[in-house]
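The structure is given below, and queries will be raised subsequently.
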Amino acid sequence: MLRDITLGQYYPGNSVIHKLDPRTKLVGTLTFIISLFLFRSFAGYLAAALFLAVIIRISGVPFKFMVRGLKSIMILLSITMVFNLFLTPGTPVLVFWKLQITREGIAQAAFMAMRLVMLIIGSTVMTLTTTPNHLTDGMEKGLAPLKKLRVPVHEVAMMMSIALRFIPILMEETDKIMKAQMARGADFESGGLVKKAKSLVPLLVPLFISAFRRANDLAMAMEARGYRGGDGRTKMKPLIYQKRDYRAYLLMLAYLVCIVLIGKVSPV
Amino acid sequence: MGIIEGSGLVYEYRKYGEDGEIAAVTRAVDGVSLDVKRGDFVAILGHNGSGKSTLAKHINAILTPDEGTLYVDGMDTSEEKNLWNVRQSAGMVFQNPDNQIIGTVVEEDVGFGPENMGISTEEIWERVEESLKCVGMWAYRKKSPNKLSGGQKQRVAIAGVVAMHPKCIVLDEPTAMLDPTGRKEVIRTVRALNQVEDVTVLLITHYMEEVIYADKVLVMDEGKVVMQGTPREIFSQVEQLQKYRLDVPQVTLLAHELKKAGLPVPDGVLTVDELVEELCRCK
Amino acid sequence: MSMQIENLSYVYGEGTAFEKKALDNVNLELPDGQFIGVIGHTGSGKSTLIQHLNGLLRATHGKIYYNGEDIYREGYDMRGLRSKVGLVFQYPEHQLFEVDVFTDVCFGPKNQGLPKEEVEARALEALHQAGLKEKHYRKSPFELSGGQKRRAAIAGILAMHPEVLVLDEPTAGLDPKGRDEILEQIARLHRERNITVLLVSHSMEDVAKYVDRILVMDDGKIMFDDVPKRVFHHYQELEKIGLAAPQVTYVVKALEAKGWKIDTDATTVEEARSAVLRALGR
């Protein structure tokens, strides 16, 4: 379950999407997320879903990898849905036609859910097609102007990249410690909230200690390999915009225009 | 002049009390002198807590000596201005393969050191290719390190160091967390590096089988170098080694036992073939 | 207190792209009081197998009987099984979490619901059996050395009074002396408490010295299941799967190949010594 989070799990490939500059992909993802809030109509969702489907198709990443990221928000999703349905009194058909507000409630629930799903899938496409290092490179370079304002852009980017690399390792470790404590009779499932929270101590303490130990080791290993911050570093994979990136930006613009138009033409 | 020259090295770990006073002092390295020649393969043996890892960290200037001097490739490691050059001259590979890989893709990890050195992009790629081929991991360059075996991860870590073109590599128990197959892979890689690429190697370990190919073996105990010599010389002293909480390979022990039983077997037998040959002479 | 394993298979991620058969039709009988070595390279399925023994993993197919009882039966006391089959994971010191060693060892028996006096009595006894000196009992686990931490962690399992003790590479990362001490301690436990011990290891030398029986695993299957000397007769097959017989086995085999009339069963230095001396007529 914990391991199912696809965040930071790069899916190797050679598609155009993989090859795009991470800055392009970051801007693209952002554009896509913003676009999801620019319309409130079925046609808009159709357009966005279509766009996403095409991108996924081009990326060549099997769809099931995208869906796996959804599992983690399944609860949030179902709560949203159930909550809205619960607030709808009477028979759905009757209510649907009579009460404007309730109809919007259902629509809102469905649309919100669709938005959430597409938002997650959209960002998953980015993380699946971009190595975390590449991604942080993109952020670092994209946000470079902020350095003048004393924002530690390189450091933040490096921290993120390391976090991404260690997420799967710590997930596995969590699983291992959990099993080890279960072998000592620990019970992580039953009991009330307080008891459950207390039962996490034998899991969290070793996990934090391990994380600190790893952080310590890693810092030493990085220093040993001559790391001393961002100044004076060169790049193995420098970011240079290619023709395909300009094309991608054009495509994004076209998509955005479409969405805005749809939003104008069919308001609800 | 040797590539690593240390004399009278002392290093102490200090434990501080609540008011910042020194509560306890542990002398981890206690008056060690060493002289490693260019191209040598030197092994340092010792049980856990003997000070061997602390000593190793000095060579890469992660630690600097409290007393004594250490020169790496003619540079004093205690001088701040030499720090980065020392780290480039003496690369370091650590015990836990997971905790020293920074990149999320093999090739990016190998490129990490060269990137820090500020060399051009083309040269980084050349070095990454050359060092991955050198450790036999070129085919895995696009893989995630999390998908590799322990031995493969350590070879990637070695490649990451090799890409910095160091004159000397210090390996701090690189095989302690590996299975026998992984151990063999790593030791084979290290030997090739030493013989083919002529890189000076300092191997820290407590596995005795790994040191039989070394030019020179140092044994450490309580922060001091207590024995040194060729593997054969060291392995001739079975009882002495056991006193230092070490053991010898089974063949060496068997040869030793047979000698004690009166057979004319020489001391310090290192391999199965050697022992078999000697025994056939006894017949 | 015997255990039977019948047609046990375990498939990771069934139905996904990562589907992997970690165990493939394993059949085993683990009678009382045996000292068993489990050997195999990384990924051979040995860790998966031992996690089935106390119900941490549930088999995809097959059955496990503990004392004749089907552990997959509806309503079977799985938590009870976990205290009867004590499992010491690799690097067990990574699971220590309490303020001091003694309290940490109490965790297991406390979870069993025992009264306080009993819990503490068991913890003391277990720490003693694991060979940890009394001056360490009230220390934080993080003040101890690697070998001492390992002992404390093993004590944490012993305090639950397991009838079967399973240890996954209990000597990993220890130096030779630390390794010998832990193995001696385990051997003594086996003798004194007459419990079944399963020792998972990479080292043939270690295993050969202590166990009555060796299980060799490869690719999720049991490849050999026999007394050590007979398993090591297959040294060439063992090499093919990334394992090896103890060094002395190679010595006696090589001597035999040179025309010596020598007993080739030797798996320890002691046995090889007598075999060579006997062959030379001494």
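So that you can tell them apart, the chains are marked A, B and C in the order they are listed, and the count of residues begins at 1 in each.
To be clear about the criterion, a contact is a pair of C-beta atoms (placed from the backbone, for glycine too) under 8 Å apart; a residue touches a chain by one contact, two chains touch by 3 or more.
Keep in mind that this is a model prediction, so the values were computed, not measured.
Student: Return the chains common to the contact lists of subunit B and subunit C.
Tutor: Joint contacts, listed by label: A.
Student: Please indicate which chain is farthest from subunit B, where distance is taken between mean Cα coordinates of the chains.
Tutor: So the farthest one, by centre of C-alpha atoms, is A.
Student: Using Cα averages as centroids, what's the distance between subunit B and subunit C in whole Å?
Tutor: Distance between chain centres, rounded to whole Å: 30 Å.
Student: How many angstrom between the C-alpha centroids of subunit B and subunit A?
Tutor: 42
Student: Mind pulling up the subunit A residues that touch subunit C in the complex?
Tutor: 62, 64, 176-177, 179-187, 201-202, 205-206, 209-210
Student: Show me the residue ranges of subunit C that touch subunit A in the complex, using the header's touch definition.
Tutor: 16-17, 51, 54, 56, 79, 82-83, 86-87, 89, 92, 94-97, 107-108, 111-112, 142, 156-157, 160
Student: Hey, which residues of subunit B end up touching subunit C in the complex?
Tutor: Spelled out, the residues of subunit B in touch with subunit C are 47-49, 149-150, 176-177, 179-182, 206, 208, 245-247, 249-251, 253-254, 257-258, 261-263, 272-273, 275-276, 279-280, 282-283.
Student: For the complex, give me every residue of subunit C touching subunit B.
Tutor: Those in contact with subunit B are residues 41-43, 145-147, 172-178, 180, 202-203, 205, 242-244, 246-248, 250-251, 254-255, 258, 260, 269, 272-273, 276-277, 280, 282.
Student: Under the stated contact criterion, what part of subunit A meets subunit B in this complex?
Tutor: So the residues of subunit A in touch with subunit B come to 8, 10, 12, 131-133, 161-162, 164-165, 168-169, 213-214, 217-218, 220-228, 232-238.
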